[in-house]
Amino acid sequence: MITYLEAIREAQAKALADDPRVYIYGQDVAEFGGAFKATKNLASAFPGRVLNSPISEDAMVGSAVGAAIEGMRPIVEIQYADFSTPGFNQIVNHAATLYWRTQVKCPITIRLPSGGTAGSGPFHSQSMEGVYAQYPGLIILTPATVEDAYSMLLEAVAIDDPVLFCEHKYLYYHLKAEGLPTEALPVGKARIARQGRDATVVAYSAMVHEALAAAEELSADGYEVEVVDLRSIKPLDTDTILASVARTGRLLAVGEAWPWGGVTAEVVARVASEGFELLDVPPRRLNAKNTPIPFHPNLWGTHRPTAPTVARALRDLLRL
Amino acid sequence: MLLARLLEEKLANLYRAGKINGGVFLGKGQEALSASLGMALKKGDIFAPLIRDQAGRLAFGEDILDAVRTYLGSKLGPMRGREGNVHRGLPREGRYAMISHLGAMISAVCGGLMARRFQGQTGVVGATCVGDGCSSTGAFHEALNLAAVEKLPLVLVVANNQFAYSTPNDREFACKNLVDRAIGYGIEGHTVDATELDACLDVVGRAVERAREGRGPQMVVATLLRLAGHGEHDDAAYIPEALKNSPTGRDCLKVAECTLMERGWASAADLEAWREETLQQVEEAVATVQREPAPDPAEETWCALSTQELDDTFRA
Amino acid sequence: MITYLEAIREAQAKALADDPRVYIYGQDVAEFGGAFKATKNLASAFPGRVLNSPISEDAMVGSAVGAAIEGMRPIVEIQYADFSTPGFNQIVNHAATLYWRTQVKCPITIRLPSGGTAGSGPFHSQSMEGVYAQYPGLIILTPATVEDAYSMLLEAVAIDDPVLFCEHKYLYYHLKAEGLPTEALPVGKARIARQGRDATVVAYSAMVHEALAAAEELSADGYEVEVVDLRSIKPLDTDTILASVARTGRLLAVGEAWPWGGVTAEVVARVASEGFELLDVPPRRLNAKNTPIPFHPNLWGTHRPTAPTVARALRDLLRL
Amino acid sequence: MLLARLLEEKLANLYRAGKINGGVFLGKGQEALSASLGMALKKGDIFAPLIRDQAGRLAFGEDILDAVRTYLGSKLGPMRGREGNVHRGLPREGRYAMISHLGAMISAVCGGLMARRFQGQTGVVGATCVGDGCSSTGAFHEALNLAAVEKLPLVLVVANNQFAYSTPNDREFACKNLVDRAIGYGIEGHTVDATELDACLDVVGRAVERAREGRGPQMVVATLLRLAGHGEHDDAAYIPEALKNSPTGRDCLKVAECTLMERGWASAADLEAWREETLQQVEEAVATVQREPAPDPAEETWCALSTQELDDTFRA
């Protein structure tokens, strides 16, 4: 059995082994193996290629841009996605614009341990994918399975553009698979995580599992809900979403991020624009509540969408 | 100091017993430094403590219940369960509530001091503590430079506890002593061996005094060792034995107790009695808080704005 | 005659005169009067209350949070909205969360000279309102008229929460009014900038004027297009938008920002969710192109939506 | 130096004639410093010039056409009309293209040098220039500290031209001389009077040499005055006459010409002839570029990704 977190570690080990241009840079990633142990043993297995950085997110990303210019393929670990804000400028204005401005490629992978866990509070729980997605020049991956964590991270390192790899902390230990995948969908393709005919839930990352649990619950009542796992939110696989809505006529977009804008707005807006006639009833969104992410598990459990609230939203949608 | 230590030991026990959500971060070994700062500050001053400042918080007037309630997520705590562990404060009483992003609180204290100046208040000091690792952040730099330009009565205590999480000093900075940074900001810098309470009281006390007298920002760089993991989840196996056994690795609390006894100011029996008394206080606080209600999602406004009518609510 | 820029100056003069808790902090705002002269003469008129900051956006915003805690009402001028990125962390994680965490109010106004002008290029042209809008705890104003520039800036300073005041650089000199307004709609209310019956264009800031020009053009063909000026994008006045769509049955959302997410996605998603049955045809979006903002006016004129492209999108919409 | 000066004067004229979109930013008075850096660098080194580095760019091998094309927005320029004025470069030739955000290029150069180290290259130097104002940015701090920790062969030239736009030094920093910052990073610092070409060649040259020899990051703080507005839209009325007439206010180009004549290395007639020749070169470049096509929106891919098939295109 291999966990989501181990898959991330294995993908990095393979990337380092396969390509001498790859190195890892981040706080505590060397001997210590990172705050979450995602780089455990890599420093000793690949001497000189897994380096501790100072607590300097701006310089960490800026240096990765320079290294990319010179032909390297850096992996930058940000300790928590929330701490990417001091590096925000280098991500959105330097890495994201380099190729367009200079025609020099910028193959950087920035790993962002994302999303909430019980007790992690306002500054260790954020889901920033929708914020970054607004910027041209970035690719944003949001793996929901152990297999995707592995194969998409390998793909991220291989892609010639800056990739934000939003790995979900809640899935790190919770999610296990039999082994590493041997084949995978390419980046840019969404996956039908569960087939259904009555409604489509579009979700990504940890929310895929809440959606699957909700679908299971509704299945007991005779409803078959289709769950689309976006896998990457930029690019966003509109075709797969539209095809699903064409089958079901009903859409619920679920995201763990805040309600204004973000993935659920983009999904609903695209379906409304491009698949209006496919919709039998108004599309719906379910997001986190519009406050910072609370510390106490009681509050946190209400703040984020969960299987019960997804199921409730689906019942409403199915009743329409 | 003693209260801080025993309180944190209790919190660590609760953590190990699975009674605390999220992390527990100890200031073990940093109590002398932190307490010295809290004691040097006066009511009306501003203090933005960081993760290892339980002692300073208490010395500056934090109720022990504030800490316990925040760690245990009591609805009655200052953060009402919205925030946990070290992320607490009562800004109206001069105790700013830290955000996690390292370095971010320094400029907030600067702004607080600018406000006091606008308001015509004099003799106010603003203080905050950071670690060696925080010195690498852009926020640290921008704020210290701003303080220097504005000649603000800021006291910045840098607790060089040799590690930023697992990262040793040599991967964090390359100057001999972080106090050398003071020169580049054009502010006064001081160093102190933070295993010695006397020295801390003296150096930190003087730094606060100087700031209060209008000599501009003061930077105190303290040398010590973190005598715990980064958080209680961390066994800190990366800290070399030699360092633990070096003078830097001494426990400021034990050193202080020895000094008290050497000077004849307290006997072993006195110390034991204090400890008992303090432990009692801690146990009572925890017992009280454990009976308190957890926050109730139904009672939350789920609104981040104070101007609730401008909240962007969603009907769908 | 008073320009949009002068209105901003006048509002700040009035705020300083009316309330001793107000001060202005920013690069070059003192004697020099700011890069755009939005604070011209204010330093001498209000000694000690208009201060030059170092080039330290993080500390500028961080200090404003501290000053707000102590009861001040700072106005922070960021020289260009694009340069708010180094201050991003303090804005989204400190200012925006303060009240929710501590119940201490955070009445900060951050002025963001926003949007493109000919020749200003990738880093002096950005429209970041949609990025900030994703965060709870912020209010985001996007005035499109001289009157709103004045009255909404005064309101921004009066609001007890952090406000990002996205003033548009293109409108600074182009837009003139007879005088300062004596009354105004409150923040949170959108304005019907032009009445119509055939289609609704939802726009904000500089795009309102492109939309109005397009509406004028279509009017020659007998189409009457309604233009909704959002005025504030957070809060977003869904009611006014829905009421307009109820009248017209057709929706085009226009924004100067990039196409992924942002204001147009939020508007379309809300209308699709809450006003699905009001729509006669699929809603449409028109945004800037998905690249950094080009320097050369030729390219810039194609990158951003303009009256002709809005008109074309409207014709498509009306043909449906 | 002379070419840079005359080129920029021409660009300023074009700006005044309304022939240039966006701003024009001159390095007037900074040519000796900038050129010294460009000359000290070798092919294979990395150079990230900033706004006032026309001279250094030319010395490091930038074609004069690159500058003119970028300013005039020629489709044939290195930025193809996408970027303007000083935002240009050819990273593949070691000339990084600046983004506007001050301080951002320093860490990029650090990363370039880390890459070269990974690749086993030695003897490479990476250099970049910033202004006094840039020293207040968090980016400046994080990058210099990173360079120090990694002991990178970085040369950072700080051109203290007394103003950051309109903001004088005393509102930007409070140390005596910005070179004091070097101590706090644990790197070598140097100062130079940048009105003197000889001194610049010497000090900057030695700094580059030291970096190349493996002595770690080198910081050169140069004193001079910006002899122009921030950009050509700015009359710089805020610069005091006394400063203009002080030694700091001298024009490095005139000083250099005098030196040449004093030493008998060139006569007034020689100088005049060089000037004529150089002017000719500038005029030709401008004439060439003025005949070149502007960028055509229809030819643009409107895609920011190199992996075009992953572009998030919109059908609606």
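We call the chains A, B, C and D, going by the order they appear; numbering starts again at 1 in every chain.
The rule is short, and it goes like this: a residue touches a chain if its C-beta (ideal position, glycine included) is under 8 Å from a C-beta of that chain, and two chains touch if they have at least 3 such contacts.
Owing to the predicted nature of the structure, the values given are computational and were not obtained by experimental measurement.
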item	value
Shared chain contacts [chain C and chain D, defined touch]	A, B
Where chain A and chain C are represented by their mean Cα positions, the distance between them in whole Å	30
Cα-centroid distance, chain B relative to chain C, in whole angstrom	39
Centre-of-Cα separation between chain B and chain A, whole angstrom	34
Where chain A touches two or more other chains, by residue	53-54, 56, 58, 82, 85-86, 89, 93, 96-97, 100-101, 122-123, 136-137, 234, 236, 260, 273-274, 282, 284-285, 290-292
Chain B: positions in contact with at least two other chains	79, 82-83, 87, 99, 101, 136-139, 142, 145-146, 149, 171-173, 303-304, 311-312, 316
Pairwise touch network: line, ring, star, complete, or other	complete
Chain D - residues contacting chain C, complex	20-23, 73, 79, 81-84, 87, 99-102, 133-134, 136-139, 164-167, 171-173, 238, 294-297, 300, 302-304, 311-314, 316
Complex contact set, residues of chain B against chain D	135-142, 145-146, 148-149, 151, 170-176, 178, 180-187, 216
Complex contacts: residues of chain C adjacent to chain D	27-28, 30-32, 35, 52-56, 58, 82-83, 85-86, 118-124, 259-260, 282, 284-285, 287, 289-292, 294-299, 301-303
Contact set on chain B toward chain C in their complex	46, 78-79, 82-83, 87, 89-92, 96-97, 99, 101, 104-116, 118-119, 138-139, 142-143, 145-146, 149, 303-307, 309-312, 315-316
Complex interface listing, chain C residues touching chain A	58, 82, 85-86, 88-89, 92-93, 96-97, 100-101, 122-123, 130-131, 133-137, 234, 236, 257-258, 260-266, 268-269, 271-274, 276-277, 279, 281-285, 290-292
